[in-house]
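Presented sequentially are two complexes of chain A, the first with chain B as partner and the second with chain C.
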Partner chain A sequence: MGHSLKRKEDARFIQGKGRYVDDVKLPGMLYMDIVRSPYAYAKIKNINIDEAMKVPGVVAVVTGRDLEKYNLHWMPTLMSDTQMVLPTDTVMYQAQEVAAVIATSKYAARDGREAVRVEYEPMKPVIDPYKSLDPDAPVLRTDKEGKKDNHIWNWKVGDKQKTDDVFAKAEVVVKEQMHIPRIHVASIETCGCVADYDKVNNHLTMYMTTQAPHAIRTVIALVAGHVGLTEEKIRVISPDIGGGFGGKVPVYPGYVIAIAVSFLVGKPVKWIEDRSENLQADSFARDYHITAEMAGTKDGKILATRFKVLADHGYTDASANPSKFPTGMFSIATGSYDYDATYMECDAVYTNKPPGGVAYRCSFRVTEAVHAIERITDRFALEIGKDPAELRLQNFIKKEDFPWKSPTGWIYDSGDYHKGLLKAMDTVDYHQLRAEQAEKRKRGELMGIGLSTFTEVVGAGPSKDFDILGIKMFDSAEIRVHPTGKAIARFGTKSQGQGHETTYAQIIAEELGIPAENIQIEEGDTDTAPYGLGTYASRSTPTAGAAAAVASRKLRDKARKIAAYLLEVSEDDLEWEPGKFFVKGAPEKSKTIQEIVFASYTNHPPGMEAGFEATHYYDPPNLTFPSGAYICVVDIDKETGAIHVRRFVAIDDCGNIINPMIVQGQVHGGLTQGIAPAMYEELIYDEAGNILNGTFMDYLVPTAVESPKWETGHTVTPSPHHPIGAKGVGESPTVGAPPAIANAIVDALSPYGITHLDIPITPFKVWKALKEKGAI
Partner chain B sequence: MLKEITITVNGQQHTLEVEPRLLLVHMIREVLNLTGTHIGCDTSSCGACTILLDGKSIKSCTVLAVQANGKSITTIEGVAQDNQLSPLQEGFKENHGLHCGFCTPGMILRATELLAQNPNPTEDEIRWGIAGNLCRCTGYNNIVKAIQYAGAKIRGEELPSTEPEFV
Partner chain C sequence: MIPQSFQYESPGSLAEAISMLQQYGEDAKILSGGHSLIPMMKLRFATPEYLIDINNIPGLSYIREENGTLKIGGLTREAELEHSDLLKQHFPIFADVTKLIADPQVRNMGTIGGNLAHGDAANDHPAVMMALHATVVATGPEGEREIPIDEFFYGFYMTALQHGDILTEIRIPMPPPGTGSAYHKMERKVGDYATAGVAVQITIGDNGVVTAAGIGLTNVNPVPLRAARSEQALIGKPLTEATINEAALYASEDCNPSSDLRGSEEYKRSIVATLVKRMIHQAVNRANNS
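The block that comes next holds the complex of A and B.
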């Protein structure tokens, strides 16, 4: 613990020996390419495959009508909505799958795709989510019997009456309308699979870019059980994954079509999407329109918040949230502050855009929540003329008040928010910066300082509240120690770059005293790994990491019994130090863990089960609540609106740290996926539903030039309920960074009456705002 | 209509018959089965497919295999010599310059040319130098450190600390 062990997985990656899905090549394998809709909303009048079938190498073209024969043309989403696999008569968004071409090579499949002729009858799409609720808006989901509008669901939490009363009497009320735009995870590896159905044995092996292989196996069994593919006949293998960030949680139509085709032709079928297909059709993230309000006193006490959200889910609700949480953990939006009145409401709607939304390195809508509370807190500080750092210090939940029950019902497990912010302020020399800013403002120069002091909620989750499609959100570890004292451990999670092979080995090493280099970690094969819900929402260390610790402790209990037998003493006479048991008062009498393990196979006590293995399914008693204090300093060029991030200091608290190098690496990456939506990324649609930036030419993933040199640090407030006091960290920086950046930019522009700008804040938006206010 | 080409890959000469339209990256991955070179986009934007063509870093999705006729290429599989990691491979491992590993081969090949041209680049020169290669996981800080570490190693100077500045 606390040691920056170099990563065990790196050797293969730096030598080109990683094995990703597109590296899988099987004998007789066919290749699939997908015909996609150019229209956002249209009737399919005809699909002509004649010319495509003449292309050398093309073996089949599959349409919705073909899948309909097997009742495989529809599938459920993770949110129990429904989604077309391939359409039979209507397309609902641009880039939707229309037909699949199967061929003997990648190039032949693409040639075939170009030769498929589809006749459409375009219809007027619904793109604006507000207009989708108009009484005269066309009803999009005519497949749903009795559906009379485009409303999906309404969700609310909090005490409306109490909150409205506080607002009515409050000295100060502030309000802003915010859009957290539609963005895309854009992991550098796109999505894909090789579906390999063996007709003789009625067995499917599915190599797949998935963050949750076990859950996927169950979903496939639920979708395809009626054609004989039951769960024991399905093996999902998630090999090395080139980044996930939530985008590899859902089941996309391409996967299902590949399985169906492999099932029908009895050959392996590979489908790897292009980047453009990935950006245009796979699940988006965010797209929340939020009205945020805060009530407080003139001297800065926060009294209440109100949040009203309109969620644009596109054609179907294909979010990846726990079942009972249609807005994910948005209700964490009360933030790090001590007040007791809030009311939140969300309406979700259908539009003619691709379905979603997934996470983008965020635990179930926490980013949207944190942006809303951190922006409106700054707005409140601006309104009453109080320093935003001072206002936060005044309102923080105090460390002695944990565990703390939030007005929406979360039990925050631990935190020390004052310590984090004071450390961040100290690191940047906050008061000096404010003095510099005051000087610059006199000269008309634009400099801004932005804060974000956020609370995350991760580690889903306790089985009483958390499930996906009914499966409880525990996670698992299975440890087998071989006779020579070396081990293999398998998990229900799946690393996509987080370094599980190192971190989990370190946890087991800490608990059992077997060196980390002697512990092999495996994930991602449903035939060998214990069942788990996978890796997303910063849940791996809080759940599977905890399972590793508990399974190790079960083994340590067994080791104690064996050591007592070997040393001929009572168990109570033994003491443990990492790696061995020794007799109290006689440390020379000891047995190392390796000797004990060997004895478990060669000389185990009578009546005891032989071998040295343990499995644990960890059901967390609570979620974990990492936190952070971020400060961003920007300089803005008044004439062009160009924004320069001069400094960005991030102080994170993720509880006890297993590997500081890996944790810091996660923070660096998360911060970059924080500046990305804050300043660069947004999927933009025109009124006809055309995506305007669906390639890497124009969807601006930050390069090394746009990414600031991050300054990182940490505080440690251990989780009181996690076996090793860890909290999870992968997403905190993505959640915390955008409001720090937005607050810094608005702070720079505030002397000109600018109180809010929607992300991504581009130079043009800044310039336009300054122009409108007459500042230039 | 196939065309015969002769190409040296990681020091080994191959004579192949290829379609004129075959992209070099597909020749590397599908014909030669060297899967360390990756594909991350379809617009020559991401750099995951970066290799060395006669010592110059290029995006192999933007070159036809026939254009490499008579030339020599190095892929990630050919970077380590005699089981010895290159300074950059070592730098990436020592400095946590990779997470998922998907962009890493391209980054390493790009940085190989960068350091060959300028063994002592400034941080700014490194950042601009790898601006054609996208990484979604690391935030680039540690990639910059990895390249600085490799530069020091090539120059025979004392190696910078690889401990994280995470206090």
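The block that comes next holds the complex of A and C.
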């Protein structure tokens, strides 16, 4: 623990020896390509496959009508909504799957796709979520019996009356309307699968890009059980994954079609999306329209917040939240501040856009929540003319007040917010920067300093509240130590680049004293690994990492018994130091863990079970609450609107750190995915529902060139309830960075009366705002 | 992202390539660096039946000075332009422009000939060639002919190249003493097409009067645009803030940008004005330091 051990998995990755889904090649394998809708909303009049069937190599074209015969044309979403696998009558968004072409090569499949002729009758789509609720808006989900509007659900939390009263009496009230844009995870590897149904044995092996193989196995059994594919007949293998970020949690239609085709033709079927398909059709993230309000005193005390959200889910609610949390953990939006009145409400609506939204490197809508609270906090500081750092220090929950119960019911486990912010301010020399800014403002130059002091909520989650389709959100570890003292450990999670093979090995090494290099970590094969809910929402270390620690401790208890037997002393006479038990007061009398393990197979105490194995399913008693203090400094070119991020300091508190190098890598990647929606990325649709930036030519994923030098640091406030005091870090930077950047830009522009800009804040947006205010 | 099937040819000489172009007619396309053509083929916007790869034809890649003229072979890679000492010494604008073209991997393949022959007003070299008053050499069945850059670009993806022609060389007059050049484009991220780009080459005579000026604009017009009024506003006068502002204003008025995801028409005109000013200053600084 605490060592920057080089990542064990990198030996294969840097030598090109990773094995991804597209590397899977099976004898007789067929290839699938998908015909997609050019319209956002249209009736399908006819699908003509005659020309496609003439393309050499094409063996079949599958439509919704074909799947309907097996009742496989619809499937449930994780949020208990329904989603089309292939349409029979109507397409609901541009790029929706319309038909699948199966061929002997991917080239023939693509030529076949081009030859399928579909006749559509376009209809006027609903694109603007606000217009979706108009009384005269067309009802999109006519498949749902009795559905009279496009409203999906309403969610509320907090004390409305109390909050309204505080607002009514408050000295200062600020309000901003903000949009957290629809974005896409855009992982390096797109989604895909190889569905391999073995007719003789009635067995399906599904190689697929999934972050949650076990849950997916259960979902497949629920969807396809009626055609004979019950859960013991299904093996899901999630091989190396090239980035998930929440985008590989949902079940996409392509997977289901591939399974159906393999089932029908009895041959393996490979489906790999291309980049445009991935960007245009797979689940989006975010897309929350938020009205944020804050009430406080003139001298800066925060008294209450109110948040009203309109959530655009596209044509079906295909979010990937815990089932009882339709807005995920949005109710963390009260933030890092000590006040007791809040009210939050969210309405979700259908539109003719792709379904979603997934938790993109975010513990279920925490990014949206943090953006809202951190932006409105700055807006409040601006209103009363107080330095935003001072205002935060004034309002932070104090270290001694943890565990702290938030107005929406979360029990924050631990934190030291003052320490984190002061460290960040010290790192950037905050007061010097403010002095420089004052000088520059006199000369009309634009410089901004932005803060974000966020609280995350991760590690879902305790079984009393957290489940997905009823399955509790525990996670698991199974450790087997071989006679020679080397181990294999398997987990219910699935790394997509997080470095689990190293981190988990380090946890076990810490607990058992077996060197990390002697511990093999495996995940992603449902036939071998224990059941678990997978990797997303920064939950792997808080849940499976904890399971590894607890399973290790079970083994240590057994080791103590064996050592006592071997040394002929009582268990109480033994003391543990990593790697061995020794007799108190006689350290020369000891047994190493390797000797003990060997004895468990060769010379174990009478009456004791042989072997050295343990399994643990860890049900966390609480969530963990990582925090961070980020400061961003920007310089803006007034004439062009160009934004230069001069400095970005990120002080994270993720509790105890297992591998500092992996944590730093996570933070660097996460910050880059934070600058992405802050300055570059948004999926943009026109009024007809056409995506305007459906390729990487226009969907602007930032590169190393756009990334500033990230300056990272830590404070360490261990989680009191986690076995090793860790909290999880994967998502903090993605969550915390966007408001720091937005706050810095707005700070730079605030002398001209600009109080808010929606992200992504582009040079054009800055220039336009300055122009409108007469500043240029 | 899979192109329609096509036949691949790899001629070993210019004559062979030209004869293939004649044989296959309109169904053939030349493959040079491929970084414009191949993406279009993958999206099936371009569906040539024959691809004639000129990369194995010797003698098409060079940068040299001959009798007061800079000659660049059509197959010269962007990376070679970027690192050429001859260009660094006389045409600093090449280091500016190549660094702004895509990324190093693309620059290792992409060629200057392909960049021009593609006829895309969003490409960066056309504006630079206008600023440098270049001449393009086309080699076809009838032999070589010279096309002044102002007569080269016709319309959207259309150039003066005839079918059977291969762009083999670019010729640029060597600049007299007192000359400087510069290029910059606003881009949303690295590798993006320009929101707007401006190329400037300017020569200041001994008496401080501007004796020559070339200004080209990127991606603010359906075809690559020379800012002719801006050039005239500078030539024959001492360089002052007033003349520079006048040049900037004319360029912003004479271009025809369209509103898109990169910004509004008004924004792009404003960027043109700003970049014209900045590039003139940059070019003059370089002229003074040369």
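In the analysis below, the second predicted complex is superposed on the first by the 776 of 776 C-alpha atoms of A that agree within 3 Å, B and C clash if a C-alpha of one lies under 4 Å from a C-alpha of the other, contacts with A are read in each partner's own complex, and residues count from 1 in each chain.
Here, contacts are C-beta pairs under 8 Å (C-beta built on N, C-alpha and C of every residue); 3 or more make two chains touch, one makes a residue touch a chain.
Remember, predicted model here, so these are calculated numbers, not experimental data.
Contacts of A:Pro38 after superposition: neither chain B nor chain C is touched. Within the superposed three-chain model, A:Pro483 lies out of touch with both chain B and chain C [touch as defined at top].
Once the two complexes are laid over each other on the shared chain, residue contacts for A:Ile662 go to chain B alone; chain C is not touched. In the superposition on chain A, A:Pro763 contacts chain C only, with no contact to chain B.
In the superposition on chain A, A:Tyr680 contacts chain C only, with no contact to chain B. Of the two partner chains placed by the overlay, neither chain B nor chain C lies in contact with A:Pro138. Residue contacts after overlaying the shared chain place A:Asp274 against chain B and chain C alike.
For chain A, the partner touching the most residues, choosing from chain B and chain C, is B.
When both complexes are aligned on chain A by C-alpha atoms, chain A residues 106-107, 274-276, 697, 701, 703, 705 touch chain B in the first and chain C in the second. The touching residues of chain A, counted against chain B in their complex, run 4, 6-7, 9-20, 22-23, 25, 106-107, 185-190, 240-243, 245, 274-276, 496-499, 660-665, 667-673, 695-697, 701, 703-705, 707, 709-710, 712-714.
The residues of chain A lying in touch with chain C in their complex are 106-107, 110-111, 114, 274-276, 639-642, 680, 684, 692-693, 697-698, 700-703, 705-706, 762-764, 767-768.
Residues 19, 21-22, 26, 29-30, 33-43, 45-46, 48, 75-77, 79-80, 85, 89, 92-94, 96, 98-105, 108, 123, 126-128, 130-144, 163-167 of chain B touch chain A in their complex. Those residues of chain C that touch chain A in the shared complex are 1-2, 4-5, 44, 103, 186, 188-192, 195, 261-264, 267, 270-271, 274.
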